[in-house]
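Each in structure tokens, the structures are laid out below.
One chain, subunit A, appears in both complexes that follow, with subunit B as partner in the first and subunit C in the second.
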Partner chain A sequence: MIRLDKVSYQIETSAGAVQVLRDIDLELPDGSISAIVGPNGSGKSTLARLVSGLLRPTSGSVHLLSGIGSLVVTDVRPGLDVGLVFQNPDNQLVATTVEDDIAFGLENLELPHAEMVQRVGDALHLLGLEQFRDYPPHRLSGGQKQKVAIAGVLAMKPSFLILDEATSLLDPTNRREVMQTVLRLNHELGIGIIMVTHLLDEVLVASRVGVLTNGQLAAWDSPRAIFSNPVVVKEGDLVLPLSTRASFLMQERWTDFPLCLTPEEFARAACQLI
Partner chain B sequence: MALSRSFVLGQHYPGTSAVHQSGALVKLVSTIALMIGVFVATKTVQYIPIVLLLAVGIGVSRIPLRFFARGLKPILFLIVLTVVVQVFFTPGTVIWQFWFVRITREGLGLAGFILCRLVLLTLVSVLLTASTSPIELTDAVSDLLKPLSHIGVPSAEIALVMSIAMRFVPTILEETERIIRAQVSRGARIGEGSLVVRMKSFIPILIPLFVSSFRRADDLAVAMEARGFRVGSPRTRYHARHFQSFDAFILLGTAAALSGVILWRLFL
Partner chain C sequence: MSIDLKNVDYVYDSGEPFEYFALRGISLHIDDGAFVGIVGRTGSGKSTLVEHLNGLLFSTRGDVIVDDEIVSNQRAVLAKVRRRVGIVFQYPEDQFFAETIFEEIAFGCRNYGFSKEQVDESVHKAMSIVGLDPERFLPLSPFQLSGGEQRRVAIASVIAMGQKYIVLDEPTAGLDSGSKLAVLAELESLRQTANVTVILVSHNMDEVAEFCKQVIVLDEGTVAFQGSTDAFFRDADLVDRTGLELPESYRLARALKDCGSTLTVNECSTGRMLDSLRLCVSEQGGA
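After this line comes the complex of A and B, so read on.
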């Protein structure tokens, strides 16, 4: 489990100190799917970097709680326990072939050669990238590149995977493919997923959604509870999924019309109404 | 993609030949030695040992000759210019003259010598880069520079920087093409007009290219750190290989060719 205790982060600028995050308390259970949403500049990516150990909080602490005890996340090598996948796949692939890129993190962990070969093969298999093993990254589609990035992180066997707007530059088909892959990893390997996103359709799979506004956690609840709270929706500047917006419109006419998160739910509710 | 396809020098031509499978460090050392040999020679005929070894290397590599021919393309202008200058401006015994233009025996000899020198240097480099993957090549550079790490030269980091540079060449070329298309679609005229105008027309391409490259570099640094990379920290290698019999053949062949050139120059 990852636990954030009163985490604050501030940066120094020429105009003085800027508080990016303030007193964030969070618990992210092992194997769970969580999401962080919020408007641009709300501190989502900073929170992702704090959780992954890339940044050190100005105050408070981020702890990894496991069977062997509690560890401060910055004491652990980034990538080892919490993997981070970024927005632009082009800017995170380091090596000249898919295989070598997946091995990059393992080389940093100083793993023996045989184990690297094993882990690279496993990651390629898991992500369905075997046929692209020798491909240079620039010959892959956006979705395939993002899968390579995920494979590179996954080979390091983290217990959590953070997707920092990882699908926002992809077309709908590639986005769906990457999301299905991530969900499969969660289901099959029990890897905890933390999605940092502004695409609310994606957070529906999360058990918990955190809404960040001005560096503070305005809400931490289930997607249904978040979407049905007009104050949080307004504060978080959230653009709700189409089905949810449509169900709000229906509620203006039929007050008992249920809150729908997906097109399937909406269709079912509409059929019952008819 | 048109830009990225036009450069053969530095491009890997995947294969399973003995040349492909031999050690990158061995090939790198051999290439450097042959290049030294090319510069040691003072007469065209002294290139024979190098030409023979290179011919064997190209033959064994099973890389098509047209690939090597394409490798010569970028330096064709340099070759023609050098040859023309040597042919027409080298003083000596005149063998043909028309008005003030004259060709000398010495000019022809020097032009042939320099032509061979440029072609050999290019072919040796193309054979190295075509038969060696970039990652193996950078590992070889790292190995070659390793002794310098004792005096503070960051050999591993230099190799990594080279590898990343090679990784991003196609990406930056694609980015350049994208920016050119964007600027042209907004009415920019790239490469038209006088030299000054043409040079000025590249400014709207270079500025966004630099900005995006710096952004990329920043993102990449964070991504590398997120995957456990630390400057100066020890790393293991994914591509582990051992010395093979063909490596010995390459080294012996190179030593023979280099010795041949030196002996020819000294005693014949």
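After this line comes the complex of A and C, so read on.
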């Protein structure tokens, strides 16, 4: 589990100190799927960097709690405990072949050669990239590049994966494919997933959603609870799913009509009604 | 007046062993004053197509015609075409370079030889179109702004040049939902008030359904569909075959139909869908 205790972060600018995040308390259980949402400039990416250990909080602490029986509390090691995937894969691919790119992070770990080969092979396999092993990354499509970036992060065997708007540049097909891969990694390997996102589909697969507004955590709850709270929806600048808006409309006439998050859910509820 | 493409091919490395058709036999028509979407999966040829519209690329075969002018690499023709067609590329804010927002937006206008007064007027007008207060923002550095504000400044820097066709490649990627809608609504009002033709390249089918009346669907360098956006999204098989997805409102209408609900709503964009549902509910209520 990753635990944030009273985490604040400020940056110094020529105009004085700017408080980016304030007093964030958060617990991310092992193997959970979480989403972080909020308007541009609310501190989402800063939070992602703090959770991954790339940034240190100005005050408060970010810890990894592990161990069975007795609890071990350690600092988060960036890359090793938590892997971070960014929006634009072109900014994080460095090598001339897919294989070398995936091996890049591992080369800094002083692993035995055999272990490295094994891990790169596993990562290629997990993401279905075997056929591209010797490809130059720039010849791949956006979705394939993003998968290479994820493979490089996974080869480090992190217990958490943070996707900072990692699918926002992809077309619907590629986005679906990357998301399915991420969910499979969560399911099969128990890797915890944290998604910073503006996309509804991604919010709906999370078990917990954090809403950031002006650097504070305005809510931390299930997607259903978040979308049924008008104050949080407004503050977080969230657009309600059409199905949810349609549910509110139905509730004006049938007060016990359930709050639905997807078209399929709405249709089921509507059919039972009439 | 319109943009027309007639049987356009674009071939990378023509005649070489790695010859590759990025566009194949593209014929299309974009009306003056329309709000048109260009959609298609990655690699379907959207960007290559867009770069033909103001002579950044020239067709290998076939003609690109902007207001009766056949686009060619002749200086005089190019100057004319580029005065008419402006392009906002992906992540335009990555190209900021000036010290103030005023200088950033004025740059293109000065290149077109606008007088000092014209530059001033165009910059102010463009800022108000994208919903940024000129008094407050113009003296600031573009690098001080939030992501959403930067995107608007970048769009303003193209609008300021007063072209009648504006092409935007994924203008809302990475913006929050509030900024997304604001940017698109501003483009729609620009279309209505200044009769500007807006050509939107997008992966977001909800926004295409909401804002674009017409859509051009590309698949492997060919036109898989052109016509009304509504007709396209009603053809779920075609949407699937071209690697795209249905907007939420069309999914809702289909899901209701599939489970045999008596609430039957027409497949349409989000806003109209809610109206139609409201009507349907009140009829059922009376029954």
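Keep this in mind: the second predicted complex is superposed on the first by the 263 of 274 C-alpha atoms of A that agree within 3 Å, B and C clash if a C-alpha of one lies under 4 Å from a C-alpha of the other, contacts with A are read in each partner's own complex, and residues count from 1 in each chain.
Criterion: contacts are C-beta pairs under 8 Å (C-beta built on N, C-alpha and C of every residue); 3 or more make two chains touch, one makes a residue touch a chain.
These figures come from a predicted structure and were not determined experimentally.
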Subunit B versus subunit C as contact partner of A:P57, first or second or both or neither: neither
Touching partner for A:V94 - first (subunit B), second (subunit C), both, neither: first
Which superposed partner A:P223 touches (first subunit B, second subunit C, both, neither): neither
Contacts of A:G192 with subunit B and subunit C, given as first, second, both or neither: neither
Which of subunit B and subunit C A:F266 touches, first, second, both or neither: second
Partner chain in contact with A:P158 - subunit B first, subunit C second, else both or neither: neither
Contacts of A:P39 with subunit B and subunit C, given as first, second, both or neither: second
Subunit B versus subunit C as contact partner of A:G210, first or second or both or neither: neither
Contact set on subunit A toward subunit B in their complex: 49, 52, 54, 77-80, 83-84, 86, 88, 90-97, 99-100, 103-113, 116-117, 120, 134, 136-138, 149, 152-153, 156
Interfacial residue positions of subunit B with respect to subunit A in the complex: 14, 133-135, 163-164, 166-167, 170-171, 174, 215-216, 219-220, 222-230, 233-240
Of all residues in subunit C, those that touch subunit A in their complex: 40-43, 90, 146-148, 170, 173-181, 203, 205, 243-245, 248-249, 251-252, 254-256, 258-263, 270, 273-274, 277-278, 281-282, 284-285
Contact set on subunit A toward subunit C in their complex: 38-41, 87, 141-143, 165, 168-176, 198, 200, 237-239, 241-243, 245-246, 249-250, 252-253, 263-264, 266-268, 270-271, 274
